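Listed next: structures, encoded as structure tokens.
In what follows, chain A forms one complex with chain B and a second complex with chain C.
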Partner chain A sequence: MIQPKYRRSFGDLSERALAFWLLLPAALLLGSVALYPVVRLFYTSLFQRRLTDETGSNPVFIGFANFAQALSDERFWTALWNTLLIVLVTVPGALVVGLLLALLANLPFRVRWPVRLGLLLPWALPLVFAGLIFRWFFDSQYGVVNDVIVRLGGERLLWVTTPDLLFWAICFSIIWKSSSFVALILLAGLQVIPKELYESAAVDGANRWQSFWRITLPLLTPAILVAAIFRTITAFQTFDIPFAMQNGGSSFETLAMYVRTMSIENLNFGYGSALAVLMFLISLAVTLVYLRYVRGADD
Partner chain B sequence: MKLNNPRIWLWIAAGIVVINGFFPAVWILLTSFKTEAELTRIPITWLPENPTLQNYVQALTKAPIGRYFLNSLIVAVGATLLCVFVSALAAYALARLRIPHKTLIFSLLVGVSMFPTVTLLLPLFEMVLALGLRNTYIALILPHAALSIPVATLVLVSFFQGIPKDLESAAMVDGCSRLGALWRIVVPLSAPGVFTASILAFVNSWDEFLLSLTLLPSQAMRTLPVGIQFLQGEYTFPWPLISAALIIALVPVALVIAIFQERVVGGLTQGGVKG
Partner chain C sequence: MKKLFWLLVAVLVMSTALAQQTRLRVFVGGQQRPDVMRKILDIYQQRNPGVRVDIEVGGATSDQQQQYLTTVLASRDPSIDIILIDVIRPAQYLASRWADTLDKYLPAASRQNLLRQYLPAYSQANVINGQLVALPAFADAMFLYYRADLLEKYNFKPPTTWDEVIQQAQTILQRENNPNLNGIGYIGAPVEGTVCTFLLPIWAAGGDVTNAEGQFSLTVEQAQRSLQFWVSLMDRRVSPPNMAEKPQDTIRQEMQAGRWIFGTLFAYAWNRFQNDADSQVKGKIGVVPLPAFPGGRQASCLGGWQWAVSDFSRNKAQAYRLVRFLSSPEVSKILAIDASNLPTFPSLYRDADILRVNPWFGQALPVVQAARARPQHPRYAEISEAIRVNTNQVLARQKTPEQGARDIVNRLQAIYSGR
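And now, the complex of A and B:
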């Protein structure tokens, strides 16, 4: 047998060396703007450091005092609670609406592109733009939502200035924006369910409702789980939509908004870092669940 | 058409999905053609009475929407090129070469993609201040590129895996080096994957707000999301201007998405992107 002769050249590095050089640029980029910042964040969270006084250039090590401060900071707990409310309302909301959209989009249309575009457009729309558009929708004077309410014989509502109403307007916008992404994930899941299953169920006398509960939903569960975890992680970071709908105000404040205000507006780097670390740890916990139960199940 | 005709239900189903996807954009489009006088009248009008392009003229002359557009474009194109180049190299290694701890590398990638952007905000802000890079494009291009590396890499890995290994081996037997084979065989065949990854990276960067707000805050450097959001506070009744600006910002991306929708859907479901 003739051994293939490779030309000796720069291209014939050993496999390991080649892998190293190919992975290096990505590792450098991720290391410098994602991993290093997180390490730096943990480090800064142990210091008193405000850019507005002398601790800006001479940080004072204070151990876990920033975290102790967070635990007794009412504004932190309110922001955490608001964020959890957003997760609790918008994740199930987006899953239900997304599932409905996916089931509708999975019907045997002859022309598929309008439906697919109907799912892609909300995904591609920047969050801030969705926030702005719905801010205008819910405008108390000239908004179309109040116009419809008045036409139906109701009273004008002060959506943006009444805290409870603002919360629901924000949730509505988030659910609208994120449900089509959920629908796209679920649609991919629906399309791999073998048609024969439905046919044999129909032969056995199952109606549509029964085959939805017995076939579609169980087989779609892995996709629903993936979508649920992705949504939970992004909903936990909610920033853009409430920021845009309140024009930068903070009468409804999420954790991400508080972190930004504390670190960038107030320039309190130490305490801002501690808040961000807490947020990071909660996010990491959810991610680990995802990696363990979803990714792990694939391999 | 009779109600028991299944085709009418198909039309209704399609109608629901399409209307759900389009109504905010359509409403803002209608708004953009109305005059301020018409927009501040009660009861409100639904269709514009005297359609006008005045708001678009204002958006491009009174407000620097053109400049914001250019900023967004420079950042998004820069971030996309950097991200896809770097990801393609990494993806090739992950798809083709024997690497120790491959599962760990994949887990790290997915893990990084889940980092809350706001936790990177403060350290990046500090770094950018220290390097004197605030209000420079590069301050935003680097993090935008990095944030899309996980998605782009996962999409590209699955593309590279779909290219028969024999083609490369054949080229190498014929005297190509491994890099030569990569350049002559793998790169041309993976063009669709590179393209999909590029669209995803581009849209991620085009949409990003939090970092852009903090790293490029000056009037002349704002990207579209930041610039348009600030119009809210800069005018007493900003909606004519905002609606026109939103349409200007939306149309190019909507076109790209519309033309390449199949690729985008495929990429989204492969890469498991945030949304």
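And now, the complex of A and C:
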């Protein structure tokens, strides 16, 4: 009697070959929507290409001249500096506010869903809507912020058109918008901290403050790091909120806003691509730090 | 079985009929009354059974529409055949080769005959380097809107000079003593309309960005005087201190809510004041040509929209035929009656049907005829940005008028010399 031969449904494929074929569709998809545009961006950044003259249809290869131009472009450095300021203020800001929100949501309320819903709503709101809402809040004549200031006996402030005030108004809006995302990650982190630790700390006579510093914060550090890295990457790409709050103007311009103006408005695709490549490299650097951290955690 | 056979035959016949039909796609902005445009396209479809025209509606402002169109056209997408473009764009569309030039369909003589019928400003705006880039859809210009009821209450006549506007605003603001009432509204946010704000006093004083030969000719002094004028309205408290926050449609909405005595706005505002359900100022608004500037003449800023055929269209000849219809006196009249769009044909400003709906069109013709065009340049977007951002910063008191003027002139000089 001949034993029926065991047949794999995918023919005689080895484990490796099967893995290859199964991963191929995803790899093709990612390649076409993520890898190809990035490669194309690098390629375009090496050309002089303005859609407003003949280089639009016949780009001229100029090597790294666009990058040299960027490094001596005052507007690029201002935009980079503005972006860094946003990162430096809104990342710690969102972490602190997000932590407070997470602690609040983790309290043993009888009805939890209103707090959780309140946490989710800012996160679910599209960025540009948040920008428009806060633009209205900070309107000098009809905004609620100035209304409160006037009721408290203060002077009306021109939030949107005074550079320093605009910066803080933008940071405030970004922190409001992004701290709920931070809070969601931290809340997940809080919920895996074993209750027994707090109970035994209480038995040992620790007060709430001590158990927060000695138990909660150390055990939450991995979650805080993840949140911080995610927030930093998105903060480097800040665009929607400052754009919407300034009516599309560029008194306060981030790197992403400069890239958009240069390519989509001024139609200078070569130089705009070079700026985008620089922005990509910065994001990549931050992401590598993140990957290194994730690897470290796995080991 | 027999039934099925005939059904199949019917389906076949219908599908070949459909296949023979030309489909055209027209792009218009959300603010340009797509409902009225649809009505006009329906008329064309009725007369041309072989053509089906779809309409694609874009964003509300010229900038928003162009952002989308840039993506479509830079990727050579053939899906749009005809585009309604702002008067500031033909030069860029030609330079980018996004528009199919229309000369090939029109012998030189008939081109001249055709263009002669339009307001001269529009035949000029659409001919770039001797090539016909687009044909006019409707005209537009800036006007001074005023609260007729308030002026009447204090026995004022509609103003003809800015000094009168300032004086009337001062008196009315003082006597009304209403904290929600503002004086003179002008566009000051970093948006396209602010380019007009900046250029108006310069035109009135006889200056311009370029001279007759198209060379850059704006001086720091001219620019500074213009910026100084708009800042002085805030200094004299006839305009609120937050003019740098105001795009055109915000002033329109606020005026509609009864919060402005004067507003410098394009023609579209009239229809909204008179017909919008939420308008608090129905029948209380008057409109006159923009006043004369101190020591200068009257000037207005030319707006208006043009029909261009996309160079990536697969039905250019059919698209051209439709553009000829869309830029005809017949359509101009429908747009004037149904959408209060100013006609591009001078003769229509005396048309009784149009005047019945828009009585003020009678006075509008000299304004549109005298209105000045913003610079025509392939890199207009950069010119516009330099002007509107700097003007905005001066109004926000981040820069002095002198500094703002110097920055504008330096940047424009660089663009005009190809840097």
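Throughout what follows, the second predicted complex is superposed on the first by the 271 of 299 C-alpha atoms of A that agree within 3 Å, B and C clash if a C-alpha of one lies under 4 Å from a C-alpha of the other, contacts with A are read in each partner's own complex, and residues count from 1 in each chain.
Keep this in mind: a residue touches a chain if its C-beta (ideal position, glycine included) is under 8 Å from a C-beta of that chain, and two chains touch if they have at least 3 such contacts.
Treat the numbers as computed from the prediction; the structure is a model and nothing was measured.
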| item | value |
| --- | --- |
| Fit-or-clash call for chain B and chain C when the two complexes are aligned on chain A | clash |
| Which superposed partner A:T221 touches (first chain B, second chain C, both, neither) | neither |
| First, second, both or neither for A:N247, with chain B first and chain C second | both |
| First (chain B), second (chain C), both or neither touched by A:Q141 | both |
| Chain A: partner with more touched residues, chain B or chain C | B |
| Touching partner for A:F129 - first (chain B), second (chain C), both, neither | first |
| Touching partner for A:I264 - first (chain B), second (chain C), both, neither | both |
| Touched partner set for A:T162, first chain B, second chain C, both or neither | second |
| Which of chain B and chain C A:N58 touches, first, second, both or neither | neither |
| Footprint overlap on chain A, comparing chain B with chain C | 139, 141, 247-248, 264, 269 |
| Residues on chain B engaged by chain A in the complex (per definition of touch) | 10, 13-14, 16-22, 24-25, 27-28, 31, 39-40, 42-44, 46, 82, 85-87, 89-90, 92-94, 97-99, 103, 105-107, 110-112, 114-127, 142-143, 145-147, 149, 153, 172-173, 175-180, 203, 206-207, 209-210, 214, 224-226, 228-229, 232-233, 239, 242-243, 246, 249-250, 253-254, 257-258, 261-262, 264-265, 268-269, 272-275 |
| Touching residues on chain A, where the partner in the complex is chain B | 4-7, 9-13, 15-16, 18-19, 22-23, 25-27, 29-30, 32-38, 40-41, 44, 101, 104-105, 107-109, 113-137, 139, 141-144, 147, 150-151, 176, 178, 180-182, 184-185, 188, 226, 230, 233-234, 236-237, 239-240, 243-244, 247-248, 256, 259-260, 263-264, 269, 272-273, 276-277, 279-280, 283-284, 286-287, 290-291, 295, 299 |
| Chain A to chain C touching residues, read off their complex | 51-53, 56-57, 139-141, 158, 160-163, 246-251, 261, 264-267, 269 |
| Residue ranges of chain C touching chain A (in the complex, touch as defined) | 63, 67, 70-71, 74, 92, 95-97, 189-191, 240-242, 244-245, 247, 378-379, 381-382, 385, 388-389, 392-393, 395-396, 398 |
